[in-house]
């Protein structure tokens, strides 16, 4: 049989064992990690759509078939995740952060397992493996206390999620007697007309898990903490790849909604989808608004990730051909540009030793390659053509408009404009503006890092200009889900419902106009370069005011005016809900604890009282 | 090439962007000059917010030593074809402050003044006239104050230093300001 | 009359046993002196023992010893009192003794270490 | 063929620059007349731009140069996709959202350039501009999407085509609330009063332009010119039914610009948060009403 | 019927040696401890023999008085397995005690410890409802005394609370037994079980409630568990370990032997009981309350030992939830969880004991940076914690897995119960993970501590067994499945083995 699928899981596990043995020597650990990622990438070439493998596990006399099945979606996700992981691990070869390679390899094993498995037991196991490995990975951040706190928070959410899924798996098992995901999805689809609430209940058990892992509102509260305090080299993986597991899970269960004839519709959508779409939109907007006011650059991009996943959720919840295409496409794009952004941030943080934006600034002269990667990254994230973020955002709008959802679209547009704002804030505060004197000796990342950055830049531009290379596999995925794929055109086209965009044309147009612009720039009068401190200061000499570059840099309370606008919304704290739950639990805990700090008599009294209550209950019954 | 120079000078003369360094009473004359009554925008002259954008530096009145320092700093931040207009007698000879210990008498010693507008106060008409005069000078290529400043920088610098050393940083440091507040 | 006799001979013991049990519980739950609590526990135990002894009897019972005059079986039916509860009670009494002894030992130790016999004061500093 | 398109594209670029600068000059003239002044010559802005390009200047580094060039270039790259009368270079590739995102690149470039100068005034200006952008994009997006749903197309060419056949078919008439909302949003987009907080000269020394001099300021002015052209052009295509030839197109553009000018001439400036709040109250409400009408 | 009278040695030998230890003590205190060790070692090996080499539905019949007339010991799958676990854990704790018990009255401690083990084994082995009471009291009295052992005065307070509550509990149990006896005239579990439906329902319910209440004291179910935290915290760690590792097993066994075999209805997919109210449901209710209260109380503890005590309570609740589901999978999960809990919790207590002895302390803050100070104890503690919270690849995972699966299988209001239990599990995960995260903190610089060899042996063995069970769940699973079969099918699983001649009712 096609046992090479199994090797996708075993190779990283073996690599992980080797790396764990070598983990004291950081370089070797990283080297093994990188090689394993590369080998897995090579292994992927032997995996094709339609391959499957089954292994019968004997548990308590019951045969549990662990089955693997490669679908279009899984192969797509595998390629993008493993390829990105390879780049990331290559970057991490020269990195100083405390990321542990063997944990990353465990996650890779889980990654490959999740994307290929077709049974819920395997899915659950892989999910747990992934969850725990990532929780432990988060622990190794720069600020130990914070990362411990974050990891605990993440662990709590993650455990709650896995219990929810646990419950769902067993419920489905009880209902169908089968553990195969496809069988169960088909079963749910078949009964959804009769028992919509049942199906909704069961599916939401899974969706809670997926939403927690993807960090969808209102389960997003762990995201900023975990992303911000994870090791800097691990955050790209956390944001780029791991948030997509939730999306993948949602995509597995979404086809059920096609059959929801028993449900009333809202705006041409089953209302469940409608609500879910609004959850996505809320995620996008809330993430954006919260991102404005962060000072920690990683936290800012964590909120940005959260916001982008809102886009994806909003798109796939429509479950139309454009919607799903746009969702998966955006998942890919988000992986690419957010991965690139977090990698550049890792580079910056490794060089400056801080992630506070108010302590950075003006690094672009010192780290030009990183600067340009970051620039292209934020251009992609802002959805500027011809970089890669454009196509998917554009398709998402189209999908929304096709469903006649103008308000949701407007909110997404707001999120997009807001995204531009916070991206620029990060861009300015990290790379532009005044450079503090203590960063005078900051150097560009090592060559290894630069290679990765060049590759990422190339990828962001290439997949922006030639979206067909991604859209064609997505078309296969979409048709495998029973939807009509978007018409395929030449590689450069982003095919939409309303109109097509030929991205190379934009790039040509840009190239020509930039040429013209630079010709104009160079034929006109000469300019001379001056130092950064040579600024207009209303005739004042900065030194006499004791103005240092740090104080002259504008990065604190960057968007203060709109803080007032959003102030009413800040009173609603989702984090506050979970914290409130935690506090309530703690308070209940201290109250209940009081039961047990009395004397023997009281305990005896409890026992007797309990007895009497039961006797009365027995009497009455 | 000289035609090109003439052409640029022609345009330069018709597009004076002005930074008005408003000290003393002379600033009072500028609002009427700018607004409906005299409307200096007719001649392409508009006020600018920063020295980077400006072509002419209009110094409207006496300069105490402290403000001289700012003026020099501002002038040096302006971009190359740039001209200084001295406005009123204060910039010429100190005016009523001729004997003050803390006011400079002749702006010419510290910055290359291209044109003085005499009077105390000069009327808006005089200001407009000065713009026309300066335009003529620019078109003829005679207003070369900025080149003079570069050429004779040591002399200007010596003059500036001689008076500026009388000033000491008297401002409070920012943290002291906040502390007292 | 018969009913009264049955009552006096059997039910009074059962009710008495329950009453003793209740008194014991009351003592245990309301007194704060350790020794009184131990006494209460003992009384509870006595109640239980009495209860067990009482259930062995029934109105026409004879003693469960086989002698020439004592007919244990009448008309194929056993009429003797049940001997087993008495043996059970003996065991229970012994166990009760052990418990009481241990309790008293602990009580003495408590008085040594805490300096009080008030259960409410036997507390560690709150952590 | 390709060279022809190339030439056409450059032509369109030049046209937009010319028209934009002309509009700016007219604006100054008209504003002056409203203020009972004589006003500068109409071609004053050409003079200014030429002068600026002939001036020496300082630069704060490569990012500074790149940013300012990008500001103009990206807009010029966007302008070729705009259908304007009979000049429609790429009729199959004129997605409005694409043009808007392409314009975003110009803003990003400009913002990057001026921020890399390290002057906090510039950054404050950029922050204000971006905040204001969030303010006006929201009603504008509502309008765009209403038009999309109404016209069942996202391509400007098709939107223009859908409005053919006389004045009554114009979206301005059919979607009056949307037009009003867009008109207010346009005011913000153009950075005219009362939404010119970004370049408030008296508070933050003309904001983003604070460090710009010489050719850099020239690029800034050109960007503004193309921006005016592009933004009014989009409005014309969206609401005024496009045009049959370029002259009518420019005339229609000027009409829109003229309204903006009149408002600009008589109003003071909002505080930034008030500006955003205003945008999210009046025009957004109008846009939402329009969207509701369209959807229902 | 398979009679194997030698199995009585499992109780007899410990009792014999218990009372002869003072003699050995005359020679040397160390010898007393070694005798304890060897005696329990004998028990362990003998139960190992029974479990693996002997066919075990087997019986001990005293004086050839066949049941239901004589007193008998019955060694079915449950008893064989649980005796083995009790003896093994007893053995390991005895090894630990070699090191830990140095001061104080070593000889009497050894006597009590042997009595305790013998009593616990007796509870599991006996086939007589009154003998169950006697063994309970033997275990009880010895554990009160053990709990009072030690230099700290808090031990006394805890022991006294234990004593009072437990005495009342055993009295209640005795009352219940008496009531049943009045109805059926027998004390043999098998016969009572067979004839239970011949009783008056009202009296039966009353008896059932009395018995369940009495047994719930030892099984740590709310509201009968007031003694737990103080006693566990007060006792020295070896004793806490034995309470949670040994007494817990016997208590849970007694509770469910009575509830399922004696009162249970045979047939049907889920075991329920005769009487007016379903005792299994009652236990499920108590167990759920216990889980929630236990976990919530544990959350705000600053003292690790106290936290472990509350966690014990909660785990007992979880075990009871598993049993109370009443189908094979649920009971399987319950027994599995019982074994996992015994292993992990006794190990955790032993680790805390070592840590206190080497001067680290027993508060959470003392655990900060333990990884750098002592990797061995940190690792083993983490293993225990992970097993407690059901981390995959550790023992606790399989049992929690089975319990959840069984609950979902049963459905109905068990869905609700398991929801609450899972919520409590999140809380549990929090306080365990908090400690684990504290232990791996690297921002604390404190001197290293050494692990003494003797206590390290049992800790190591327990940790290895947790991991082994996690990887090869069939180690426990096989026996658990057999045991679950015995408990869920009372007729074929128990009664017919004890009294083959009994008429089916």
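Lettered A, B, C, D and E in written order, each chain numbered from 1.
Definition applied: a residue touches a chain if its C-beta (ideal position, glycine included) is under 8 Å from a C-beta of that chain, and two chains touch if they have at least 3 such contacts.
Every value quoted in this text rests on a predicted model; they were computed, and no experiment measured them.
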Excluding chain A, groups that stay connected where the other chains sit: B, D | C, E
{"item": "Any chain in contact with chain A as well as chain C", "value": "E"}
{"item": "By number of C-beta contact pairs, the top two chains", "value": "A-D"}
{"item": "Chain occupying the middle, per Cα centroid", "value": "A"}
{"item": "Chain whose average C-alpha position is farthest from chain C's own", "value": "B"}
{"item": "Separation of mean Cα positions, chain D and chain A [Å, integer]", "value": "35"}
{"item": "Cα-centroid distance, chain A relative to chain E, in whole angstrom", "value": "45"}
{"item": "Whole-Å gap separating chain A and chain B, where each centre is the average of the chain's CA atoms", "value": "57"}
{"item": "Shared-contact residues (touching 2 or more other chains) in chain B", "value": "50, 52"}
{"item": "Residue numbers of chain D (touch at least two other chains)", "value": "54-58, 205, 210-211, 214"}
{"item": "In chain E, residues with contacts to at least two other chains", "value": "160, 163-164, 168"}
{"item": "Full enumeration of touching chain pairs", "value": "A-B, A-C, A-D, A-E, B-D, C-E"}
{"item": "Of chain B, residues touching chain D in the complex", "value": "8, 11-12, 14-15, 17, 35-36, 39, 41-44, 48-50, 52-53, 55, 78-81"}
{"item": "Chain D residues within the chain A interface of the complex", "value": "6, 9-10, 13, 53-61, 63, 65, 68-70, 72-74, 76-78, 80-81, 90, 92-95, 97-98, 101-102, 104-105, 107-108, 111-112, 115-121, 123-124, 126-128, 130-131, 133-134, 137-138, 141-142, 145-146, 148-149, 152-155, 158, 205, 210-211, 214-216, 218-219, 271-273, 276-277, 280, 287-288, 291, 294-295"}
{"item": "Residues on chain A engaged by chain D in the complex (per definition of touch)", "value": "267, 362, 364-365, 371, 375, 378-379, 382-385, 390, 393-394, 397-398, 401, 404, 406-407, 409-410, 413-414, 417-418, 420-421, 424-425, 427-428, 431-435, 496-502, 505-506, 509-510, 512-514, 516-518, 520-521, 524-530, 532-536, 538, 549, 552-555, 558-559, 561-562, 564-565"}
{"item": "Chain B - residues contacting chain A, complex", "value": "50-52, 69-71, 73-74, 77, 169, 171, 173-175"}
{"item": "Contact set on chain E toward chain C in their complex", "value": "130, 133-134, 137, 140-141, 144-145, 148, 153-154, 156-157, 159-160, 163-164, 167-168, 171, 174-175, 178, 181-182, 185, 187, 302-303, 306, 363"}
